[in-house]
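The structures come next, written out as structure tokens.
In what follows, chain A forms one complex with chain B and a second complex with chain C.
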Partner chain A sequence: MTALLRRELLLAFRHPADTLAAMLFFLLVTALFPFGVGPAPEALARLAPGALLAAALLAALLPLDRLFGAEAEDGSLDQLLLSGLSGFEIALAKALAHWLTTGAPLLLATPIAAAMLNLPEAAWGVAVLVLGLATLFLSLLGTAGAALTLGARRGGVLLPLLVLPLAIPAMIFGAAGIEAAAGGVAVRPFLLLLGALTAAALPLAPLAAGAALRAE
Partner chain B sequence: MLEANALAVERGGRVVFAGLSFNLEAGQALVLTGANGAGKSTLLRALAGLVPLAEGSLRWSGAAALAEGPESRLRYLAHAEALKPGLSVVENLRFWARCWGGAVEPALEAVDLAPLAGLPARLLSAGQRRRLALARLALAPVPLWLLDEPTVGLDAAAIARFGALLARHRAAGGAVVAATHVPLPLDGAGELRLEQQPWGLE
Partner chain C sequence: MRRVSTPAPHPAPRPLSATPQPGTPQPGGGLHRFANPGRFLRLTDRALPWLWGAAVLVLGIGAAWALLFSPPDWQQGETVRIMYVHVPMAWLAMGGYLGLAIASLMSLIWRHPLADLAARELSPVGAMVTALCLATGSLWGRPMWGTWWAWDARMTSVLVLFFLWMGHAALVRAFDEEERGARAGAILALVGAVNLPVIKWSVDWFNTLHQSASVTRAAAPGLHVDILYPLLTCAAGFGLAFAALVLARTRAAVMERRVRQLQLAQARRHDTQRPAAGPAADLQA
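For the complex of A and B:
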């Protein structure tokens, strides 16, 4: 499994465009809000938690439809299924690689996005933590979604329709957590709930994805 | 070694083939022939466990063949070469060597790709891509090779080298099932001819 993870990271390193595209997309979406809402600092700060999370989840969604599509097209998926790795291991390696190459780089861009949205500086640390957990949750869900929509016509359209509704809990608890940090309220309960969601998805999503890959 | 009994596969409501039986012993080779769409590739995929059997049983040394992991039992060479264009020749092969074991350099030598080891796979010609896919077979010995038109795109010298690879595999007790439209360097191979099934019949 580490072999697959290493190969994925090496490939992402060779083709950094996907990672950069997700980061730029994230920054551009957050930069659009000030234009739409107007430059009033209070209004922006009020929107910031939700806008950050929505932008991060959408950005992390971008490379998902090629997660298994590229493998299926060039024949690698068949070979992976015969490689001795279980479907669970293939899916878990893919999900972790997706998070490391898409979700984690977004965390680097979070302070810039937070500044553009006038999020109080005190909440930046929590925002990074929340986005880290929320994007990991989305990577796991998205892997299951990508495996399920593999081979479906217009799978790229189907995938967000399938995954985003399931990401609503992460959106609620994540945004509430950032808001709590900005307002000086305890953030622990929200972080714990978000952590619990991610911990539940960690075994379940790769199991579902692995079963879907086997059934192709 | 491999015992196929009344195999049938159905794809999209259509019977691809039915009632196929054969026996394969160590060192033997079986060549699958038949028109396009007769089900040669599907049979290979079914033998690999990638396509579910609608009927019949596949036994491996007496035990159910699909119950255990395929990695120590078979290698499947498909039409798609499963290469990552962004990785070099040796990096592509090293990944599979990490999965299956085996040494990378001798495998590259066996298909005469050692001089190109550092080249990105996207720069390879069709025949060279094919040879890199063949190099996967040479990594670690397994009892069964499933080959789907293995010589497509190969030049005469590469086919001769592939013949040596096949001979070595069979001399070590390995069996081969190959789908092909052209003669393969397989001495004394049995032939299984797949007939086109009428469409839409159950």
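For the complex of A and C:
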């Protein structure tokens, strides 16, 4: 499994364009908000938590529809399934690789996006933490979604339709957490809830994804 | 003694055999015999007219009782009658999803083709029922709460349920290979089942605009019998109609599949006859 993870990371490292594209997409979406609601600092700060999370989730969603696509086409997915690894392990490695190559780089861009949206500096640390957990949650769900829609017609449209409704809880608790940090209220409960969501998805989502891969 | 049911190795696309061969033991026992498509067709053929009749009858009584004879609420006035549609739709949306989850579980464990078809035909009806629940709730919320929509936990989780229904309906139909769609849909339905307890207890966990459960309250009933009885009648009527609709759809799907198999078989026969004529003609020439 670590070998698979290393292979995924190596592939991403050799083709950094995907990772960069997700980061750029994230920054561009956050940059759209000031144009939409006007550059008034208070209005932006009010909007920042939700906008940050929405942008991050959308950016993390981008590379998902190709998560298994290329490998299913050239047959290496079948090789993986025959390699003795369980579907669960393959899916978990894929999800972790997706988070490391898409979610984690977004964290680097988070302070920039937070500054563009005029989020109070006190909340930046929490924002990075929240986005890290929320994108990990989305990576896990998204792997299941990608495995389910593998080979489907209109799979690219179906995937967000399946994944985004299930990501709503992460959105709610994440945005509430950043808002609490910006307002100087206790952040812990929201982080704990978000952590609980991610912890629940950690075994369940790869299980579903593995079953879907086997069904393919 | 534990009986292990081993499904016979099916050729893809699995045939829906018309009748169980006499003498051959059916795989599994008990409830599994209802998984036989031929028996399903015969059973529903007899049951459906009765089911439709009962649905129309009960729904008619319920509608008249709810709309004409039940008293208006002392606080809400006549708008309380929206409840006679809203609440049954909400129950059906959740109960239907539970049914979908069970059918999916059966499809994943025992590979009953009938469970696949039932799940496939259940989801559009479920999506419609959930949409009606949301729409009537919105119409009711406008005069009572002063808003069409609020992002409270109950409404949000029902909205997620609606997306799950739609996602299931779309996913199942998105594959060229029907079986793959059925498997994917079954997994999605089971993943989405985590939403059911969230909906049920959302009004207790969160401090929301939506009122908490008043029908199933054990200690003191939250509804007067003048309102409760017509509500239960309406719910029974809608439930019967829902069941009849889903059974009729599943029945149509089974027959549709059979027609397609017959057409395929005919085309294959046609194919094998033509090349057979070819070499013979060559030999004669």
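In this section, the second predicted complex is superposed on the first by the 216 of 216 C-alpha atoms of A that agree within 3 Å, B and C clash if a C-alpha of one lies under 4 Å from a C-alpha of the other, contacts with A are read in each partner's own complex, and residues count from 1 in each chain.
Here is the rule we use: a contact is a pair of C-beta atoms (placed from the backbone, for glycine too) under 8 Å apart; a residue touches a chain by one contact, two chains touch by 3 or more.
These figures come from a predicted structure and were not determined experimentally.
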{"item": "Which superposed partner A:74 touches (first chain B, second chain C, both, neither)", "value": "first"}
{"item": "Partner chain in contact with A:90 - chain B first, chain C second, else both or neither", "value": "neither"}
{"item": "Contacts of A:15 with chain B and chain C, given as first, second, both or neither", "value": "first"}
{"item": "Which of chain B and chain C A:158 touches, first, second, both or neither", "value": "second"}
{"item": "Partner chain(s) touched by A:82 [first = chain B, second = chain C, both, neither]", "value": "first"}
{"item": "Residues of chain A at both interfaces, chain B in one complex, chain C in the other", "value": "none"}
{"item": "Chain A-touching residues of chain C, taken from the complex the two chains share", "value": "108, 156, 159-160, 163-164, 166-167, 170-171, 174-177, 180-181, 183-184, 187-188, 190-192"}
{"item": "Chain A contact footprint on chain B (complex, rising order)", "value": "45, 48-50, 69-72, 74-76, 78-84, 86-87, 91, 95-96, 98-100, 136"}
{"item": "Residues on chain A engaged by chain C in the complex (per definition of touch)", "value": "144, 148-149, 151-155, 158, 161-162, 164-166, 168, 172, 204-205, 208, 211-212, 215-216"}
{"item": "Complex contacts: residues of chain A adjacent to chain B", "value": "3-4, 6-7, 10-11, 14-15, 73-76, 78-79, 81-85"}
